[in-house]
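In what comes next, chain A is part of two complexes: it sits with chain B in the first one and with chain C in the second one.
Up next is the complex of A and B:
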């Protein structure tokens, strides 16, 4: 028998226009996976969006990237980073919303490193699929989403969902 | 695949009613490893299915296969892949449903099986999965075709050359619509 309702909104934020950081704190450890969705625009120009987990800014992050630019498909990699970016070509900009979905699988597991997968979409710039690694066995209890150098515009929204497996 | 999952907004004091995305079954691999993960007797009460999971295998890159309804007949499946290896994007086509795992780090996977019970058409699935190992890794976008009009009642993930390791976990969800 199915366990019932399983896809639960944990929190949502609408940007004020005065900050480039959105924080989900005290994330409940009662779910199996987390899903972060963002629909963001910047206050100025094209900017990349990144996350820090558990306020950890040490070099524990890495990622493998697949991108479509509109003229070619490319792949790239970042290693030993202080944060992990949610986009590569599908960056946040001031005119068209950038839509990102990131899946945090087994985020509360304290035995394994954390592998996450992202889809980032911006029709005017590109489309990205990214797999991230956070080399920590700590459960994820905090996610900070940040925009490089500028604020999020006030039309930007961010929602964190929890998914509970049977 | 969020869909219309709330009858009330959680930040307005109205409790959300999340009734359209349901957990059907979960398989977690213990210390004994497993050569296959199978979901059987899948209810026909949903519109779509989603499999979410993490998995790890021994050794380097390992290929795995996926079967629907136990169908192992040659020519039943097609797969198209677009994947990134960190230095180049690669396209590939195959006549099986496959999925790549790794022994170094856990891969994450989301597989959508849309309209799984429709008996008037073949079944198309899509997958997003990959692993990163801080200097290596791969990210896959895949579409799969099962050339059979039967309703999907079982899904089996086979570890071909290396078992699924402890802490690997796959969960099956049903989505109503």
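Up next is the complex of A and C:
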């Protein structure tokens, strides 16, 4: 008997060029973990992108960062934030795509705070490895990805996968 | 339900070793590519070699930025190559192989191609290497060939493996 799919696309979007927000809503609660993959360009210059979970913009987010700039390795922290940024040096560019992959472990449980791990890559600016904490025991049912101040260019793609443990 | 993380091809290096691991005629029917590698080099008189990637048999128009930890210090730098990471060679602890993963989204599209790489080589010695790497191939051509090779042009040893997966977003 063939095994069922354990890495399943939930939804995918290609940016229209007219928005700086991509929303994954009504995320099914039937998976074990989530993986969000973005390949993004901005409509104008270098921009940071961030996520809000469950449309929650209260100060429940924190993160710890390891970055390489090409000349130095850096670590930093942010606490009590209104959102959590997916990059530090590996920002979104206007001329080529950066790659960001974020793993949301055990996203549907209603017992623990939520931990995420991001890898962000920008070959011209830097590499980031980030661990995020969302201090809520709510299951994650919505992820909004936002670009600071400008729109995503129309070559940007965003896919949310569900991973089942069995 | 369709398989969305699918093995395209695999390669295991045999007794005589191999100068490279090559994936050709990659179908353009997936969204992203994921290449998982386990390699060791036969580079003589050295504990470490490195692995790099050719795309469509080319090493030009490539830029790289990395952060690296070796167990005692963190460093960051840039290269003009698709650098995967440092791999154990002949003087490293026996039977130890580097573990490397390359992710390339939208490989068949008409935009420049970015690659995310995580590479780990641990040998239970005083120095080992963990790399996080951002790579860019500034070409708009679709990717149809990937070749893993030794940066010092040595051979990969027997039992080195590489698995190429296609990922579909629908």
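Here, the second predicted complex is superposed on the first by the 162 of 166 C-alpha atoms of A that agree within 3 Å, B and C clash if a C-alpha of one lies under 4 Å from a C-alpha of the other, contacts with A are read in each partner's own complex, and residues count from 1 in each chain.
The working rule: contacts are C-beta pairs under 8 Å (C-beta built on N, C-alpha and C of every residue); 3 or more make two chains touch, one makes a residue touch a chain.
Model, not experiment: these values are computed from the prediction.
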| item | value |
| --- | --- |
| Room on chain A for both chain B and chain C (clash or fit) | clash |
| First, second, both or neither for A:90, with chain B first and chain C second | second |
| First (chain B), second (chain C), both or neither touched by A:33 | first |
| Partner chain in contact with A:98 - chain B first, chain C second, else both or neither | second |
| Contacts of A:157 with chain B and chain C, given as first, second, both or neither | second |
| Contacts of A:115 with chain B and chain C, given as first, second, both or neither | first |
| Contacts of A:129 with chain B and chain C, given as first, second, both or neither | both |
| Touching partner for A:12 - first (chain B), second (chain C), both, neither | both |
| Partner chain(s) touched by A:69 [first = chain B, second = chain C, both, neither] | second |
| When both partners are placed on the shared chain, which of chain B and chain C touches more of chain A | B |
| Which superposed partner A:106 touches (first chain B, second chain C, both, neither) | first |
| Overlap of chain C and chain B interfaces on chain A (superposed complexes) | 4-9, 12, 37, 66-67, 72-73, 119, 129, 161 |
| Chain C partner contacts - residues on chain A that touch it in the complex | 4-9, 12, 37, 39, 41, 66-73, 90, 96-99, 101, 119, 121-127, 129, 155, 157, 159, 161 |
| Chain A partner contacts - residues on chain C that touch it in the complex | 1-5, 31-32, 63-69, 74-78, 103, 105-106, 109, 111-112, 114-116, 118, 132-136, 138, 167-170 |
| Chain B residues touching chain A - in the complex, by the definition given at the top | 2, 5-6, 10-11, 16-26, 43, 52-54, 82-91, 105-110, 128-141, 167, 169, 171, 173-174 |
| Chain A to chain B touching residues, read off their complex | 2-12, 32-33, 35, 37, 62-67, 72-77, 79-80, 103, 105-106, 109, 111-113, 115-117, 119, 129-133, 135, 161, 163-166 |
